[in-house]
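In what follows, structures are represented as structure tokens.
Presented sequentially are two complexes of subunit A, the first with subunit B as partner and the second with subunit C.
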Partner chain A sequence: MKSNRREFLKLAAVSAMGVGAARLGFLGDAPAFAGPLPTAADFEKGFKAKHWGMAVFSAKFTPELIEKCRTACHTEHNVPDIPGKKQIKWFWGASYHEAFPTEQGQFLSEDVEHREFPLLCNHCEQPMCVRVCPTQATFQRPDGIVMMDFHRCIGCRYCMAGCPFGARSFNFQDPRPFIHNFNPHYPTRMRGVVEKCDFCAERLAIGKLPVCVEAAGGALVFGDLGDENSDIRKVLREHFAIRRKPDAGTSPSVYYIL
Partner chain B sequence: MYNAKYIIPGILFFLALIFVPVGYNMGKSFDVKPELPKDQKDCIEDVQVMRDKHMQILNDWRNSAVRDGERIYVNSKGKKYVKSLTNTCLGCHKDKAKFCDRCHDTVGVNPYCFDCHNITPNQKSPIPPAQTGEEGGH
Partner chain C sequence: MLEKALKGSPRYWGTLIGLGLLMLLGMGFWLYQLVHGLVITGMSRDVSWGFYIAQFTYLVGVAASAVMLVLPYYFHHYKQFAKMIILGEFLAIAAVSMCMGFIVVDLGQPQRMLNVMINATPHSMLFWDMCVLMGYLFLNILVGWTSLQAFKNDMAPPHWCKVLAIVSVIWAFSIHTVTAFLIAGLPGRHYFLTAVMAARFLASAFCAGPAILLLLTLLVRKLTGFDPGDKALKRLAVIITYAMCVNVFLYLCELFTAFYSNMPGHIAPIRFLFSGLDGHYELVPFMWTAVVLGLGCLVILIPTSIREKTPALVLGLIMLVISTWIDKGLALMIGGFTPNPFETVTSYLPTVPELMVSVMIFALGGIILTVLWKIAIEVRVEVEGGNLSMVPPPAESE
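After this line comes the complex of A and B, so read on.
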């Protein structure tokens, strides 16, 4: 019995060392963030849609959940973490009055008025940024995604002036020194390029939902607005939803359920 | 001809000067040896096609992948590859310095692909690496 306990303690000590060593993996050669590389077969089962859209169950969003989605998005896309005015944002949170300045509700429900709303590029049906881009670096795909071709961006920032939602950020400096959670499978940007959310076009191409949708755990519904039977159309049929700044006339594809 | 005693030696000197590089390199072979991946035999296309046209192929890839969403490349033998500089090309050619740079440096071209694209799908940190400080200046 005594020797058994001795053996057990020895084994426990060795196991503990093993666990400890495994946890020190960040010192080893594992990259900061990387799954297996997508193969050509993965790209064959990509999602297709007539018009991609998103519905936001805003009541389910807490500042913590917004932060979780933001981190997931920014890690996936190598978005630099720059504090202050030069901040780059693909996904962020804002108050009701920032998010819906044209709603002008006077006696609002306190719950809604003090809620933080997750914001991202609205992937408008009539995108202002696409109309003003002189090089067609920002363009609209047939499936509704307002996409950026970073190769073509000359950094004129017309799109930033054009976007009514502030969904675009400019790289005033080389972003690479500010990328803390690095994903080697996705490129970075360079100085003088505008960037924004692209509805995870590279993930949809391999049959995966956008990372924010995965991180939100049901609070974000992503799907085909052009398909009557899709989840998102079902959600929008059952819940009253508004869009940001309808008077801008851009017809956003992101719907907010209050 | 006026001043022939100055002009003719001058022309000869000028000709000698511009042919110095030709003479300097005469007889030397121009041979760059990029290091090929040891665990793979075939590239996406034949060696000669890759040598002559890799820049056009990459240009077609970026346009068709980003703008048209066509992300699968079918090569002349019918094999499929993902259109990705970092994940496909550099996933195989693991050391950019020993492959890309050897030719590019020799012929004096400086493509700006790697201002944004990562040099291997296993890269641990961006280059230049993340700063620890929080300053955001130029």
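After this line comes the complex of A and C, so read on.
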């Protein structure tokens, strides 16, 4: 209740001061404050695709860059900062062995061995999480994005058992006290539901790229896998890329260029 | 017949009150969980199903015990089971109720439970599991109650009741199969991803369920003098023994597949369970206990000469129950989620509040079982004559 009121007050303050304000220091540094609330015109220039995908120039990723993307994503989406094994992760970094455990790499090149790889939901073409969800709270859009309806989720965590990539997190407790930089442009979640990366569907709808892609400064390429002339298809034509756990049969839409 | 539940000996009421108190105690912890969320459990991002779901899968097996009686009785006209059938059916009711209880306490948003029906999703196994569990509960209530009523009135049960009993036999297979399918089709979980999962579920159900039924029946025979007949008990013990042999065999099949194929993903969870992985040995003592008890119970149960001595039988059954419980009520879930999708280990052990919430549901099941069995046994005694509390335990016959 208390935190609800606080959020309401923050929202009220934002609208009272005019949402065009470049940055409201007292609210933290949520990047969304840089822009005004989306208007109907913004939605008209929304991005469309046959199938969204992402290519990762893994060699360009340093732990610092991963942290930068992670912060951008987590701040944008009000991802709570919970320590320990019940943490919530939308975007995070992992070693080669964690990211590609089925590759069983031995005698890896030093560079790859010590590289940290950015991980996120793969927005699989055949998502297991969608197949197992009993309420269709997890669903796939025609453009391939695997979305979650936080209001329909019953918290059975079947999707977590189904996802072979550990891409999902469960709100074991009320996440709101753990949100430090509140972004009023994106909803917060309640206790007892699962959440994960949504490829910034809310930004694509108004013609903006995902925040991690913006923060990565070229190390992430986002685009339409269904269009052979798209940037991402060009990148994938020119570089050798692998996907995580192809043997799980989910056909991930995130490609890693080694 | 319900009125029979309202009159009883101090021992009956004592049992109910004791169970009721346990349930209240557990309920306190459940309220605590409702206020704070599943954060009070030991589950995590990596081990996202724990003790609750493990009890659920184990109890689905207990619900099967009825089938091992109903099947010979209705399909092979094995009349010796006549007296025990109702106990099996009522045990199934209690077990399925506990299954549902464990699912409810495991949900993050239990008040949205009906979403599973409102948004019926046929490609989710959880939807089918809910359907078959509810159906099985309904079938057992209907068949059990109607046939008991018929027995009380000294009439043959109506024809539809027999038909439903036969349906319930087939249905019981479905609750195990669908519950096994719940986990057997997940590509990222090596320990779950095996075609014999459903078969293993059935085998372990058909030994553990009847073993619990037999133990409880022996207890009731001692306490009340209700005697389901020596032949029935012996026959049931034989069925349990065979099922346990199949259960052990299927587990060995799993071990062969994992180790002969040398597939790292399939070996890892078994290593974790039996010898520890990455410095995590939590389950190792449990697993070896299960192995010793599992093989030990076979030594007791297979030779007829030992099996037919009641104390040895009781010991063997207890060993069997503990062994299968460790396998299914503990290791199956934890082994399925360890190693996690990154092939690292996140440890899990149930917390005290988690165990207490489970106690609430077990106590609830105990209450349902006590009341139902009381009714069933009293009806029996009333029709067949005899005074419950006075009848001495029958002499043991070889």
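Side notes on the structure shown:
What we mean here is this: the second predicted complex is superposed on the first by the 225 of 258 C-alpha atoms of A that agree within 3 Å, B and C clash if a C-alpha of one lies under 4 Å from a C-alpha of the other, contacts with A are read in each partner's own complex, and residues count from 1 in each chain.
The rule is simple: contacts are C-beta pairs under 8 Å (C-beta built on N, C-alpha and C of every residue); 3 or more make two chains touch, one makes a residue touch a chain.
Keep in mind it's a predicted model, so treat the numbers as computed, not measured.
When the two structures are aligned on the shared chain, A:K86 is found in touch with subunit B and with subunit C. Once the two complexes are laid over each other on the shared chain, residue contacts for A:M147 go to subunit B alone; subunit C is not touched. Judged by the touch definition given at the top, the superposed model places A:A205 against subunit B, while subunit C stays out of reach.
Of the two partner chains, subunit B is the only one that A:N78 touches; subunit C does not reach it.
Of the two partner chains placed by the overlay, only subunit C lies in contact with A:A94; subunit B stays clear of it.
When both complexes are overlaid on chain A, the residue A:G155 reaches subunit C alone and has no touch with subunit B.
Touch criterion met: A:K245 reaches subunit C, while subunit B stays clear of it. Of the two partner chains, neither subunit B nor subunit C is touched by A:G217.
In the superposition on chain A, A:Q173 makes contact with both subunit B and subunit C. More subunit A residues lie in contact with C than with the other chain of the pair subunit B and subunit C. Residues common to the contacts of subunit A with subunit B and with subunit C across the two structures: 84, 86, 172-174, 190.
Within the complex formed with subunit A, the residues of subunit B that make contact are 62, 66-67, 69, 71-72, 80-82, 86-87, 91, 112, 115-118, 120-131, 134, 136-138.
The touching residues of subunit C, counted against subunit A in their complex, run 36-39, 41, 43-46, 48-49, 103, 106-110, 112-113, 115-116, 118-119, 121, 123-127, 130, 182-183, 186-189, 264-265, 336-337, 340-344, 346. If you check the complex, the residues on subunit A that touch subunit B are 29, 31-32, 34, 37-40, 43-44, 46, 78, 82-84, 86, 139, 141, 147, 149-151, 172-174, 176-180, 182, 184-185, 187-190, 201, 205. Subunit A meets subunit C in the complex at residues 84-89, 94, 97-99, 101-102, 104, 128, 131-137, 152-158, 160-166, 169-174, 190-194, 245, 247-250.
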